[in-house]
Each structure stands twice: as structure tokens, then as C-alpha cells.
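Several structures are given next for inspection.
After this come two complexes, each holding chain A, first together with chain B and then together with chain C.
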Partner chain A sequence: MVSSFCWSCLTRLPTAPRAILPPTLTAQRVAAFHSSTPLLAGAKKKGDLPVAKYRQAKSAKMKKKKPVERTRPPAVGERRALRKRIVLSNPNALEVEDMQDLSAENMVDARLRGSILGLPVPMLDQLRAVQAFKPKQGWSIFRRPGTVVRRETLELGRLIDGISAEEGENKGKVVRKIITGVKGSGKSVHMLQAMSMAFTKEWVVITVPEAQDLVIANTAYAPLSDENPNVYVQNDATAALLSRIVTANQKVLSKLTVSQPHPALKTAVKPGMTLEALAKPGIQDPAVAWSVFQALWTELTATAPAAGFEKGFKPRPPMLVTLDNLAHWMKETKYNNIDCKPIHAHDLVFVQHFLSLLKPSTEAGKPSLPNGGLILYATSGSNSPTVYGFEVALQQLAARQAGIKPSSPEFPQPDPYLNADKRVLAVFNDSASTKSPASKDRSLELQTIGGLTRDEAQGFMEYFARSGLLRENITDTWVGEKWSLAGGGVIGELEKLGRRLRVIA
Partner chain B sequence: MPPRLNLFTARAVPVLRQSANSSAASRRSFATILNTNRPCAASTGHGLKSGLSASVRTQRRCNSSGSDGQDRPKGPTEDPLPHVSEEAAEVSKIMDKKCDGTPASPELEQGTPISEILQRDKEALKHMPKVMQDQMKRPSGSRSFSTSARRLQPELQGKEFDDASASVVANMISQVNQQATELHPGLKFEVPENLPKTENFRKRYETIVEQFTKLLMQDGKLSKAQNTMAFILDHLRTAPPPNINPRRRLLPGPPAPQLPLNPVLYLTLIVDSVAPLLKLRQQKGIVGGGVSVQVPSPLALRQRRRTAIKWIIDASDKRKDSLFGQRVANELVAVAEGRSGVWEKREQVHKLGVAGRSNLGLVARRR
Partner chain C sequence: MVFILGVNFPERNLVKKSLESFFGIGNLTSTRLLARFHIHPTCKVGDLANKQVLDITAALSDMKIENDLRRQYLDNIKRLKETGTYRGRRHALGLPVRGQRTRSQVGLHPYLNISNYDTRGCWSTSLVDVVVGYYTKQEFY
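Entry: the complex of A and B
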């Protein structure tokens, strides 16, 4: 378009009268500085493609499928709750008629070997409180929870029966065991059986259902005190522990009364106060949880009342202490100290307390569990960190049990180039070698849980069939086949085979 | 399998020869072969082992001597009745007794051996002749004189062609035969009589479970899909049994309260019940004018299931549960209870299919 200014004098040229120009031109005269005429540009048609914007790709592209808009994202913690949910009953499964419940009589009955003993229904709340059940143990497909009576179970039953007996050689004995075994061999369920037997015998049951939770920096931690700043306390975890103890052992703790003075506690301890009442403040106020736990522990390990507390003193029951996934406590945690160096798990006071139970005596020279009891610490087959020192320690423990002296050349020694953790080795060395003040106590043992025998496997598979979950003829041949497929009767694998669906069409 | 081959050659050759003479005869002999084989197979099952045993038995019959033939039970047609006149003679022999009507004892007619009488009569034993008494007292087998001839030839003494050696050889032969029949080449143990398809490790899951799992798979993550499938089957196993809608029943199967105990069957029934019988194909140019018409075409079983599973998974997308497996499981239960929109989809497809049946004629005419 011609400029309306004169190039030489910059004066305005006289404008053409509007009537001469075509109407379209006047309408589109927007940009005055274009040199090409707008006349040539065709008018826009209606159905044309939208003009691409500046620097927009114009290639042919597949349209992306839009994700479906969900109105509500799952609530916080909903998925976790779903993952951790424990279902103990399947109303569709058939009731197994002559299934007995676990009781004080039949827990030592060798005739029941290979059969399934149900867990008594009133006890389920206690077992849930100590978190004895794990989500993937397959409780949800049966009518009601039950466990196989295997050889190890009967031995355990006899042991618990002997410890809590009125008299006998095992009365008041302490047995300490590390339980190992391949994945799915029933270590956690073995501990569950121990808990159920201990509840039947009215013991005090103290559990740490997952050792890993204390070392992955999921709970708060703080230095214990100004005097020892290198030891750390986990108040929330301790409060949770107290809550487990009180809920599960409410029946026992409400009958026992305080027998010792507790100057460390803020609240006044009066004679005649039950142990349940003693522990309650620790649950409500995590800040005092550790001192409350220590007070409770002193009470539970008391053998005689202190002066002024004699009234109504009852002898304390034996204790069962269980712990799952021990290997996580044998390495450095995810917690950092003030220098931003990782804290070793043995610097946590919680961990220290439970590991000290492996030793026969406390630092003061007193027996660690004077009223007798059972200490079961299990390793995990599926979630266990590789800790070289721990592996060697377990090998050494096995060697000691086989009668090899630590001075002999066959005794397994840590490879000096692999930097075995000295603290880990020391825990097990001390526990295994020191003589206990009570001669009845056995030193630390290693128990390896293997597969079921064929007869036990047959009983287990028959349980599936009688629950209506398995449609097979349970013959010796069939069981033998599954027994071999399950790596020699590893019960977790047998369970998978039992619930594996097969319909012969 | 050598025995089976033997059987067929032994039996088939005469049959073929006969067929040259008359076709009717050959047909009959074929029938006899079938009949002889059938009861064996039926009695022992369908497995390979039974087949072997049957063939062994038949083989023995073919090349057996007379003694072998005797121990085998005779069939009803194998010894026919005697001739009428012979039968009459037999009857008269039995019936023609003394005229006085007393039953004739066989003893009186035929006589009884002394030894039998002595066995049952203690009195007679005492009064029997001295010769016989002496004979009984003497230990049997030890005569005062020898009755055997001395074997003079030493070379013959070494070789003992007696029963013992024969039985040893027979034993060996039978053992070898047994091994040949029992131990199929390459198998250490006998073949299981009924090996289900799912025992193969490549096909360890049911067809429908596998198909469903693969359709659940997203981004090629089969393992995750398998987890989801396990969750779904567990949900079907533990959820309360479905309340069947009488207008939208599942395919015939066990009653609803029994379904959760067999989750695979439950799943199969759900999927098969909503699987469409046909699909609609849009076809242009049959009627002219560029108009496309819908032509129904039948689906195979796998295709039908695939369509149904796709519908179920699509419908589950609208649910609000947080887990994918939970959504699909809930949708499956909804289908079982007749609440799901998948049923309407199926009805719609069938309705359009019925309407489009007339277009099938157009397609045929074009060809």
C-alpha cells in the first residue's frame, strides 16, 4: 500500500475520498505500515482450520487420550490402610468341623502333630494388639485363623508349659532363641504360636512386630539426656510399645500392683496402684514414655517387693519377648547425629534394651529375666539387609551350638577385609559366652526352621481341602509332589500351591 | 511301543486277507477286534498304561498255547450249546434214575475211591487191610530200593535241564518284557493317567484367567497385572455371594452361594454371561449411495470373551475405588448381580445385530 505521507516532505497527502475506495479495503485498513496490498488476501472462509499460533507445531499428531478425571483422589492413608489391612475371616469358606482350639491341654499333645489348631476367638484381639498377624500370611481365605502343629510348635509348647509349670526342672527358666530360616518357612507364624501359647498361660507378652520401623527414620528421636548425648530415645515408638503391652496384657497387668519406688516418674506412685495404671501415662504422654517403660520393666522383673510396698505383692509371671526382622538392628540407621553422621542402631536406647535381653545378666550382675521367660528374635527371609557382621555372628552361634570351641580353627572367623561390624559381633559373643547367674538359663541358641514333614504337609493340604478351597484328592502322591515343589515343604510355598486355582474343565 | 505294533500286525493281516474274499466277513472281524479291545480299556481307564496292558493281554492271546487259553474266562458265545439230540441224551442221562423215586446217590452209581471213604470214616481207618496200613505208616518218598537210573554221563550232570532253570529263563524273559512295556523310553516313572492342561508350566493358568490377566495389563507390566488378577480372584472368593437378578441371570452353573468357593468358575460365568454373540461390521457400498450399513458377524469364543472383558474393564474405570483391582472386582460383582451397564451394552449389540440381519442378504447378493 502506498504511504499516505510524502517521502520527501513528510507532509500528509490529501486522502482519497472514502466513497472511491472499495468497502473491504477501508474495513481492513489496520496496519498502516504494510507494503503489500490487503486486496490480494482472500476473505476468510468459515470452515477453515484455526490458524496455528506462533511456533506451534503443525505436524499430524495422534491425539492423546485424556486420563479419566476422578472426582476424589484417595484419602490420605487410605491406600496404606488397604495395604496393611488384616482380614482374619472368610465367611464363604467352609467351617472345618473337628478343628480344636489352642488350649493349655492340647498345646503339648503330640497326637495333634500335623493337624490345624484354631486360635481362640477371644484371643484374637490380644494377638491383633501385639500385631502378631502380617498382611500377606493368607489368613483371609479361611473361615477362622488356625496354625499347623509342627515339630517346632510342639517343642515350643513343651517349653512354655515347662517354664510356667508350678514345679519341674524348667520352672522359671529363660530360653533365648534367634529364629532363622528361608523365606516363607513360618518364622513369624512360629512367633505367633509362641504368643498365643503365652497368652493361654497368662504370661506377659512384649513384641516388636517390625524392627525396621525403628531405624528408617520414621519416628521421632532425641538424645536421651544431657549426660549421655550419644544415646537416642524414640518416644513415639516407646509409647506405641507401651500401648501394645497394655492392650494385649490388660488382664494380667490389672491384677499386678506396684512393688518398687519409681523416683524417676513425675507422677507419684502409690502402693496398690496396678501396673496398667502405671503404664497408662506413658501412652498418653510420649515425652515420659521411656521412663514409664523402664518403670514397668522394673516391676515386671521384680522378684520381691521393696520396703513399704509389701501389701498385695504377687509373683510376676514369665515374659515372652518377640522381635521380627532382627537384621535391621545390626547396621547404621537412617537417623543422623549432630555431626550429620548416621547413628548406629545400637545407639538407640530402645534397641539397646532389647538386645541386652540376649545376655543372661544385666550390667549390674542381676539376671535379665529373673521370673523366667522366652526370648524369640527372628530374622526375615524377604526383607533383610545384608549385614556381614550379623551373618558371621549367626554362623558363630551355629558353630558354638555344634560344639566347636571358639579357639578351634574350624570356628568361623570374620574375614578381616570385609570390615565386619565389631559391635554386632560383640553382642552375640557376649550373649553366647558369658555364664548366667541362674544356672538354669540356657545361653543364646540359633533355631533354624525348615520345611514341614510330609505328614504335616498332608495335614495342611487337607485343611485347604476341608475349607473348600482346594478341589483335589489329597493322596500321598499328590502331597509328595507339592511337598517337593514347595522346596521340601516350605509352608509359605505350600500355601501358594494350596490356594492356586485349578479347575479341570 | 513294540507290543502294540505286534498286536496290529498279528490281527490286521488276516483281516486284510479276508477282505479280499468278502467285505461282510472283514467288517465282522473288525467288529470283533474292537469288541475285544473295548472291555479292557474301559475297565482300566484311558491312560497309556491301560492301553499297554490291554495290548499285552491281546498279544498273549494271539500266540498262546492251549494251556494259556484255558485260564482265560470264556465269553458267552464261545462254547455254544450242543446239538439238540445231544442235549436230549444228556437230560435223559440225568433224569433217568431208579423208578422207585429215591434219589440215586452218585456214590452208588459211580463208586467212591477208598481213600475218600477212609478220610471221612475213622472206624474204617482202624479196620482197613494191613497192606494199606503199612503203606500209610511208611514215610512217603523213601523206598527201600531205588527206582531212579544212575546218570553215568558227567557232562549231562552239569547241565540241568530241569524245571528250575526253565523257570529262571522264563522269569528273565517276562522281566524284560515287563520292563519294555512298563518303562516307556525316556520316562523314569509311569505316566500319570490324567495330566490336566494347567500342569504345563507354560499354561499354568486357566485360559480365561490368562486372557483376563493379559487384558488387565498396562504398559506391558504382566507381573503387576498378575497381582491385580490375584487380588480380583481373592475378592471374588471372599466377597459375599451375589444376589442374582432374576431378569439377568448368569449362565447355568452352581447356585450362587457356592460360587465364591470356585472363583475361576465364578469369573468364567460372569464373563461368558455378558459376552456378545456377534459383532457389528460397518460395510460401505452394499446399498449404494455411499451409505454404510451394519452387518452382524459371529464371534468365536475367545473373541466373545475378549469383548466382554474389555467392556467390564471400561465400565470399571468409572468407579471411585483407589485400587484398579478393586474397581474391576467390584464391577465383576456388579455384573453378577445384574447391576452393571455391561448388560445393556450386550443387549444393544444383539438388538442391532437382529436389525442388521437383513443386510446379510445384501452381502450375499453382491458376491
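Entry: the complex of A and C
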């Protein structure tokens, strides 16, 4: 019999407390040959094994299986809604005191660089309406949404401030930018900041939150008209665009009135009708959505009223046009034409319209945005197709910006064996090379967003700490380490480091 | 419910799937039909305009599908049998037609040979019995 004395020191080994082990086990403890695992597993409960009763017949008859109760699959659209849900607030996070809201004054304030500016609560509905937030951006870990003021943000703020100023050299200017950068560098949030600034300045904001949606053949399409059967219109997508424009810009559009006759529209256009009322029929009836959108666009780009519409004409505000994931528009779509050949994205009239804004002038020779504004088209780092022509076009754009002339041998040329899409190259060549009729307009630029600077990264990490997410001393060395880990301050990676839960022992 | 070529389809069904439910229309033909009438592949039957439904029905009624196609299949086999070709004889015997081996596994051939396919689109009862009997004996199931 094994005693529970330790032979080396003759002190009593600590046994398991009696309360944990059932009393029967302690008696068996010493007798068992094997280690304690099966003993500690606990006594068998009743009903674990069928206990045969005395003289009971056992038949080989199988029991009928009970029909398995299957839960109903979730209702149509429920899973998608859950996937696309955007949560902007987390009551568990701490409120960050003295966090300022974005306003017309502080969006140009260079002292705020590296700090977080909150998005004003009344504006959140507008931002939701233009689908500025994306599901995976991590808004749900903070008390309320806010964005970092980085160098690019301040430049953007100054630009928007200058364009909408009453006086100054930038008044009514048009700036066109393609925004690129590595994954998680904050391209989409940069556009969100542009939108929030544009809303504070009461611009008209027009967005295409995901370019891919228009080319994966998920919305209806039809030839535009009998005259040009090779151009296609997407009525449902246009109606959705109109709905985004109207809900987000209702405050601005309800103040502006119609200034041009619109013979193409079926509904009568009366003088004094607001632009909101002009756009509404397009949302309700997708069949007329495209003509309504064109009418709305002519109204927003009008500089002077037509005859008979002079009463109550107000100058149109500048416009912000944003688009995310541009590369999807540079290749063939999933739509088929009548001969079952894929349709090129540039044959969709919706795409044509937004790409034509990159050019300084319309086909008629007028400036494309006469009232000024900002055009921001971003590429995506996570879901973007490889389009060789587009890559070359962006390289060419960068070369032009660096001052390399297209005739020089250093100017990047497409490899003739890789079949670069000529239509894609042409779009960017035309946009970058043609001179604008309005001398103030800048031609197309390429803006690459990189990482935060160390100071900005410090401010960003402090925000995590002050929200109660990060229990660290935010020192220079610590921030420097995280800054390097995040690939030189790539903000998406910094966020991952900041939100990772650490348990302090 | 939408009526396409005499068949009622629930509105939640995909147009592409609904077209492919006709005998003789597969992936390729349905894709071409959709492209011809500018219908996107994820379109539901309920989203079709009236004109599109009529167009599709008109296009389908011009095509050789369903019973016409089945009859054509049977006629082809009948012709083979009547001219006394080898293939015709194999069809009649319910044996493999295209030179497969018959030493070991010929079990499914009488089942799959199209000559046993009814014009109504069902297997003739007696033959099914034969085949099922064959397999049960072999303890196939």
C-alpha cells in the first residue's frame, strides 16, 4: 500500500482538498494502479450507460431516429445586413475628453496635427448616407468616430477651405486626384475626411462607395438607346446613386432651385422647383433615373440661369466627387453584350460619366466642373484586380508629375507584349495632357498616401490609450517600435497593434 | 409567379436557373439567351419586365427543346436500329454502344441507354424494375 507520505522529506504531501474530490475517491486513491486522470474525471452520472434491469429483454430493434430539428435559415438579406453592418459607437470604450469636433475653423488648424478630431454627431447620418464608412474599419472599438489629423488631412483641409472661400486664388478651383497607397494606409478614410469637410462647407457630395458593384453584373443593365446600342445604362445603380445624393445633401439641394429647362424629363419642370424635388422621381422610378441624374448634373454645374428661370437663382456650391476602388473600372465587366462578349467598363454610361470628370473639359469644350470642387478617386489595396494598363497609366501619371516629358526615353511605356488596354491609357493621357479652359484648374494628379509620421503615430496611439484600449506607457521608444512594426506607420497596421488586447499579469 | 413557355416560375427564382430547368438548355445556351435580352446573371424572375418575359418565351418557342428534343433523340436511335447498325443493335440490347468493355461492369448501361427513355421523360417502368432487380441481387445498395 502506498502511503501519502513523501519518503524523502517525510512531510505530508498536500492532497487535493476534500471538498473538490468526492469522498469515495479518496478511499480508492491509493489502490489504483493508473495515474489519477480517470479518477479525477468524476463519478459516472446516472444515465451515462444504460443499466440493464433484472430479467429485461433486450431486442436488436433499432430505435427510430427522431427527426432532427433544423433551425430555419436566416431570412433573405439578414446575413448580408450583418456582414455590412456598421457600428460607430462602443459604450464600453472610455470617452476621450477634450476631443474636438471637426468644424470649419479647426480643419485648417496646423496645431491639431497628430490629434484626433471627432466627426460631428449630426453629420454621421450624412456620412452613412454616402456610405463613407466601411465595415472593417474598426469604428466600433471607440466611443465615437474620429479621425487622425495627418499631413494629408491638413493639406486637404486647406484645399477645401480655399476652394469654398469667398476670395483668394483658390476660389472655384478644381483639383483632381487619384489616391494610391499600400493596404491599410488610410485612402478610404482620407476620402471620408474629405467628405466630412465638404459637408461642413456645405458642398454637394457625390460618392461611388464601391466601383466594383457596377461591373460584377449584379445590377440591371440595358442599352442606353436605339441610337447608341453599344453604351449601357444601369438604372438601378443610378437610382441608388441619386438616393445617396439626395439623402446626404438634402440641406443644400432643398435650397437650390431649377435653373434650366429639361426637355428630356417626362415630369414637367417648373421654375422654383427645388433640386431635391427634381431628383426624387429618379429614385422612385429607376427607368428614368439616368435622365434625372443628367438633369441634376446640369443643374449642379450651371453657372447662370436660362431664360425664364432667373428668379431665385443661387450660385451652385462646389462639388466633391469620390470613388473607391477605381481599378475595377479599368477592365472588362461581367456583363455580356448581345453577341455574348464581355462589355468593357468604359462602355457603361455611369462609368463614362465619372471618368469624364477626370478630364478638365467636357466634349463641348466647357469646363467639367465650372463651380469648382474636388475629385478624389482611390485605388484599393485589398480587393483590386491586376490591370496592367492601369498600372502603367499610374506610373505615367507619376512620371508626368515628376516632370518627365512624354517624349523623353525615361517616360514609362507599356510593354508591347503585355497587351495594355489602350482605352485605359487613353483616359489618363487625355486627362493629364489636355489643358483646362479654366486656367485655375489643375490637371490630374497622383497622390500616394504612406505611413504616419512618428508624432502623428504617437497621437494616434495615445488616443487608443485614452479610450481604455491600450494599457501601456506611450513613450517615444514604444511608439518608435510600433511605428516600425507597422511598416513605417501604416495606420491600418498601427490600429491592429493598438487594439490587440493585452492582459497585465 | 411568372409564366415562361407554359411553366410557372416563382418570382424568387433566378432567371438563369429557371431557363436551365428546360430540357436542352444548359449553361451556355442560358448565358447566351440572357445576353441577348440584356438580363444580368443574378436577375430574379420577378424582376423581369413584361417585354423581357415575352421575348424569352418567343425565343424559347423557336428553339428545339423539351419534348421536341427528346423525340429527336429517340428518332436518332430508332434510325440506328432500323438500319440495323451495330450501334442500333447495342442500343436495343441495352449494352454499351461506344466500345466499352462488357466483361465486368455493364450494370448501368441498360439504365442509361437513351432508347429506354420515354417520350414523356420518364424511365419505362419495366426496365427500371429490371435494373433495380439487377442491383438488389448484387447487393449493390
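Throughout what follows, the second predicted complex is superposed on the first by the 435 of 505 C-alpha atoms of A that agree within 3 Å, B and C clash if a C-alpha of one lies under 4 Å from a C-alpha of the other, contacts with A are read in each partner's own complex, and residues count from 1 in each chain.
The criterion applied here is as follows: contacts are C-beta pairs under 8 Å (C-beta built on N, C-alpha and C of every residue); 3 or more make two chains touch, one makes a residue touch a chain.
What you see is a predicted model; the values in this text were computed from it and never measured.
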Chain B versus chain C as contact partner of A:L469, first or second or both or neither: first
Which of chain B and chain C A:R85 touches, first, second, both or neither: neither
Partner chain(s) touched by A:R111 [first = chain B, second = chain C, both, neither]: neither
Which partner reaches more residues of chain A (counting touched residues only), chain B or chain C: B
First (chain B), second (chain C), both or neither touched by A:Y221: second
Which superposed partner A:K65 touches (first chain B, second chain C, both, neither): neither
Which superposed partner A:N337 touches (first chain B, second chain C, both, neither): second
Overlap of chain C and chain B interfaces on chain A (superposed complexes): none
Chain A to chain C touching residues, read off their complex: 76, 217-223, 232, 334-340
Chain B contact footprint on chain A (complex, rising order): 68, 70-74, 78-79, 82, 87, 90-94, 140-141, 468-469, 471, 501-505
Chain A partner contacts - residues on chain B that touch it in the complex: 196, 198, 206, 209, 233-234, 237-241, 260-265, 317-318, 320, 322-323, 326
Residue ranges of chain C touching chain A (in the complex, touch as defined): 12, 31-32, 34-36, 38-43, 47
